[in-house]
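Shared between the two complexes below is chain A, which has chain B as its partner in the first and chain C in the second.
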Partner chain A sequence: MKMPLSALLGLIFTTLFFLAAIFANLLAPYPIDAAVGGVWEAPSATYWLGTDTIGRDILSRLIYGGQVTIFVATASSLLAFTLGSVLGFVAATQGGLVDQVLSRLVDLMMAIPALIIALVVLVVLPRSLITLILLMGLLDATRVFRLSRAVAVDIAVMDYVEAARLRGERQGWIIFREILPNALSPLVAELGLRFIFAVLFISTLSFLGLGIQPPLADWGGMVQENKGGLIYGKAAALMPALAIAVLAISVNLVADWVLSRTTSLKGGRGG
Partner chain B sequence: MHPVLILVTQRVALGLLLLLAVSVVIFAGTEALPGDVAQAILGQSATPEALANLRESLGLNQPPLTRYFNWIGGVLTGDLGVALTNGQDIAQAIGQRMGNTIFLAACAAAISVPLAILLGLVAARYNGRWPDKVISGITLSTISLPEFVAGYFVIYLLTQVVPIFQPVAMIFPGMTFWAKLHAVALPVIVLVLVVLAHMMRMTRAAILNVMQSAYIETAELKGLSPMAVIWRHALPNAIAPIISVVVINLAYLVVGVVVVEVVFSYNALGKYLVDHVAKRDLPVVQAVGMIFAAVYIGLNILADVVSIVANPRLRHPK
Partner chain C sequence: MDNPLLEIKNLRIEATAYPPGEPPRHVVLVDDVSVSVQKGRVLGLIGESGAGKSTIGLASMAFGRGGVRLTGGQVLLNGRDIRGADAGTLRALRGREVTYVAQSAAAAFNPAKRLMEQVIETTLLHGVMGRPEAEARAVSLFRKLGLPNPEIFGARFPHQVSGGQLQRAMTAMALCPKPELVVFDEPTTALDVTTQIEVLAAIKEAIHDTGVAALYITHDLAVVAQVADDILVLRGGKRVEYGTTDQIINTPQEAYTRALVSVRSIDHVEKPLAAPILSVAGVTARYKGISFDVLKNVTVDLAPGQTLAVVGESGSGKSTLARVITGLLPAAQGRITFAGRQLSPDLASRTKDDLRELQMIYQMADTAMNPRQTVGTIIGRPLEFYFGLKGEAKRDRVQDLLDQIEMGKGYIDRYPAELSGGQKQRVCIARALAAKPKLIICDEVTSALDPLVADGILKLLLNLQAQEGVAYLFITHDLATVRAIADRIAVMYRGAVVRYGSKTDVLTPPFDDYTDLLLSSVPEMKLGWLEGVLLIRKMESAGN
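Entry: the complex of A and B
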């Protein structure tokens, strides 16, 4: 099978972003929080992307910030994925009351935008990494639940699942050994979309000042701290914005390609 | 009773029930969390007196059920209580800002809806050829941008590279309509970019779906121009899904305005909401959150009602 150019580019950029995040300590030329130069310096040989609102090296902060953004997004999308798919499979195989309760609960959570729920809950919750990951994972699990339930309902009526039931296999066996392997390909594409959603969501929260708190930095927060420079024509705020855009588009291109190859099922990707 | 009327009534009743459930979620969302709400708002260093005062003003000494009914009763009668941070009447503060939010969202809707349908028609007309590819390519990339990123690109482009607008959107009560329009131009452009893509793609898909039908082939064979075929034959038959997608995307503006208002420091409901999340002002956030949720659900009900009414099979029962 031949990979289209767009998907290949997306894959290369995604890999580069992840490598930069993993090896941030080796790659970043300056520490994350040190004011090394003047304020709003233009890009130069010393500061490749210039300096920010208090003279920190933008490239270094971009690399460390990417580490935080990518870590939080990966953790919360994995959580959303695990929680959503396991509950979705349980709802599909159990049916009856369990299915009804879980499905109506998910309907309720999806009836209002995730951002509004997050804002209401963040009034009271501490704004720590762990709460943000749990909150985003829980909110996003609803979409994975819908998709995995739909996929599993189709699989649960197959003969081989029926055979496993008649053999007297337990619920856990049926979910993990019969349904999961056959539901994997549409869910993998969905994982990419969930990851993008998490990147955009954490960036938006940080941009609003409600996500990652200093001394940690992430891309959304960087856009926010440098927004003052935009009025004087300084592009510092555009660098992290550009990073968010490129990462989101790259992962999107890969996910679209996986999706178009494997299945006609598509999960929601709205807000 | 007419079957359409029955369906519509059912849908609206379900929607109201959902709204009630959502009000419980918004109220109880903070209740269900571990720990004390008063402690969370004031922080660890709060004195016992301050905690007791806050509990008193939030009514935390009463049982949750009583508090919920007091709150929802207040919401229904327009009494939203006072803000914790400055004691201002919340209903009044919302009243002052609501108009600005509606103005912004209405401008965005007035531009994005016709534009999305037009672009969708053009993309469907030139399906697979370069105009379709250009339109689809651009909308595909705006789909993956969060509102604030799109916002900063637009600000940089239109205030620095081509300086024709102000980066901050401020409108005052005394301004003329045109001055207001000029002031909100940038936030409106950003909102249009954000919602355009979905609407345009769904319009294109709905038209292409109809283009498979036999009557389209008939219209083509009798020699109508491609645009006339789309305009006179495909569009009227695809209008129901298009309207429903348009309304759902207008609901999506609810999220969009929250972020865009913060980007442009536009003094309206969304910025009011975000500011008070940061200040941990629970009554304000619950009230404004409930308004946004109600508008979102209301528009979704409207989308369903429109698609029921627009379905001729339901309108003329056998």
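Entry: the complex of A and C
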């Protein structure tokens, strides 16, 4: 199958972002926290994207910041996925009381805006990367739970699942061998979306000063640091904002393509 | 002879297929088919799935489903070629001159509107007559089609009437604008036999009274023999044979037609009574949240290596009996004894041997196999699960089983989507056999298959029974299948067994009322069968 241009662009940008994050130490021209130039210098041959509010190189901070943002977003979406989909599948296959308790618990969590929960928790708990990852993973898991339960409920009534039950298979086999392979395509597309939401969420938290703490840099925090410059016509705050937007769009394009591709695989639904 | 109403000449229909993972492919659905229908005559289109019969039916109003193109030949309606006519011409013609009755009336009606609104909709839309006139015509059609309370029937919503009534309402819808041609696309296939005969009789009478011409599409030759004047036999989009109904049924020329006519003529001699391997005693069951019993005091026995056919229409509780025996629905009362030990009512507390020795085959092989597993995995899993077979040993045994179901090499690494309907059902049989069961519950295993394919499956099941000595609990609504395979028969009606015994006993008069109704409703492959049955019933009710 030929890859559409949009997906190709998305894939190229996503790969660039991830490579930049992984090889940050080699790529960044300047250290993360060294004031190397004047305040809010315009982009130039020396400082490709200019300098920030205290004269640090924006490109270097963007690269290091990307490392943190992407790492936290990846870790939390993986956690959200493992937790959400396993619990969703269990709720769908067990039904009854288990389903009721899990579903109502999730309803309860989703009734309160995620940001409010996050703000309260982060005010109380130590603001470390681990806390952030656990918190965002847990909050996002509610969405994944909803989706995977809905998908699995449809699959769990299929005769092949009943055949597996009649054979005497355990819960694990039914979830991982009968249901999961058939639920994968919507879940993979959802993974892309959840990753983007994680990036946006962590940027929001950092912008509010509750996310990633100095001396670590991250994109949301960089927008916050440089937002004062906007009044004086300095573009420094736009650079990290642009990075967030481009990453979000690229990942989305790839996720769309993955969804359209997995559904047309052998034995998939639709074509 | 007059000019034919509909004349199809050298029709060619093509489509583009998008097989998963492969480049798009050009396929010819119908190739060089010519046929004609005179005013007031009924043409039967018959063939297995994929024969192109529905495609030709829709082509008679110059319509092709998504991606289907009418690429060659002529479709002459009253002498003018409508193939490739402009949208305005077609719009004026569809639903006016040519109307359509779909297989599933339940899916074709809008659940939010009353029946009358929908029945007269096209008639009003085309301005054939005014509303009061259209409503009066609809009521007279309801009466003609034998619907209850024809004056107020139209005020009901689709969910308030039965499936058979809905199918007749759809026929009224098609006849209301006084069309010249009606296309019936499998109108009775989804109905129970006892309902089918009523709808069939109603449709036949309505066609006769209104003098409309009709295309009658079905896969059941015995059904089409009752309504059609001429029959066109199709296979793979090509014409096999075309002739009068009398000629096709009584003196078929082509081998394929002869096979269709002689289908379901498997000879099966019933085995003598023996000590049972499965005995169901006084079983009563109900679903959660329902206030009545779906099984009432059911008692049946089944001997090793024999077949017990459980017969009844939909809702009679035959599938529920299977669920109770497998433990999916624990019985409220009664005892199930299997292979000398009493089975726990609940699936979770049964031993691995109980589970292994009692296997199940489903109606829809499509949904009974995980689409993401290969044939090797599907058949191999019970071998691994029950006998601990792994690697080469498992693969060899899977191949043995594939040989046993007459599928041979080259299938082990395929996915279900790459198999035909009959092959899928064979793989399901192999999966059940892999467990070395003593009893296999077959739930309508042939009802979703074409007649010739179904015959092949029945023969295979009989062979396997002879080789392996496995017993079958065979659930079906099709009495021809029962004759072909059963040793003992239980007739179920509203959750109770109304007649039970050896095949000969059950199928020999005197019958109870229900069994009589059921047996006499099965279409037979001969002309005039429908009239004969209706006459007898009329005389009986007059006698009462």
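Basically, the second predicted complex is superposed on the first by the 255 of 271 C-alpha atoms of A that agree within 3 Å, B and C clash if a C-alpha of one lies under 4 Å from a C-alpha of the other, contacts with A are read in each partner's own complex, and residues count from 1 in each chain.
What we mean here is this: contacts are C-beta pairs under 8 Å (C-beta built on N, C-alpha and C of every residue); 3 or more make two chains touch, one makes a residue touch a chain.
What you see is a predicted model; the values in this text were computed from it and never measured.
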- Query: Comparing chain C with chain B, which touches more residues belonging to chain A?
  - Reply: B
- Applying the touch criterion given at the start, work out whether A:181 contacts chain B, chain C, both or neither, answering first, second, both or neither. second
- Mind working out whether A:248 is in touch with chain B, chain C, both or neither, as first, second, both or neither? first
- Query: Which partner does A:165 contact after superposing on A: first (chain B), second (chain C), both, neither?
  - Reply: second
- Partner chain(s) touched by A:134 [first = chain B, second = chain C, both, neither]: neither
- Tell me which partner A:9 touches in the superposition: chain B (first), chain C (second), both or neither. neither
- Touching A:120 in the superposition: chain B (first), chain C (second), both, neither? first
- Message: Does any part of chain A touch chain B in one structure and chain C in the other, and if so which residues?
- Response: 271
- Message: For the complex, give me every residue of chain B touching chain A.
- Response: 18, 21-22, 25-26, 29-30, 33, 35, 37, 40-41, 140-141, 143-149, 152-153, 155-156, 159-160, 167, 198, 252, 254-255, 258-259, 262-263, 273-274, 276-278, 280-282, 285-286, 289, 292-293, 296-297, 300
- In their shared complex, chain B is touched by residues of chain A numbered 107-109, 111-113, 115-117, 119-126, 196, 200, 203-204, 207-210, 220, 223, 227, 230-231, 233, 235, 237-238, 241, 244-245, 248-249, 252, 270-271
- Item | List of chain A residues in touch with chain C within their complex | 158-160, 162-163, 165-169, 177-178, 181-182, 264-269, 271
- Query: For the complex, which residues does chain C have touching chain A?
  - Reply: 18-21, 326, 328, 347, 350, 352, 355-356, 359-360, 362, 364, 367-373, 381-382, 385, 415-418, 431, 435
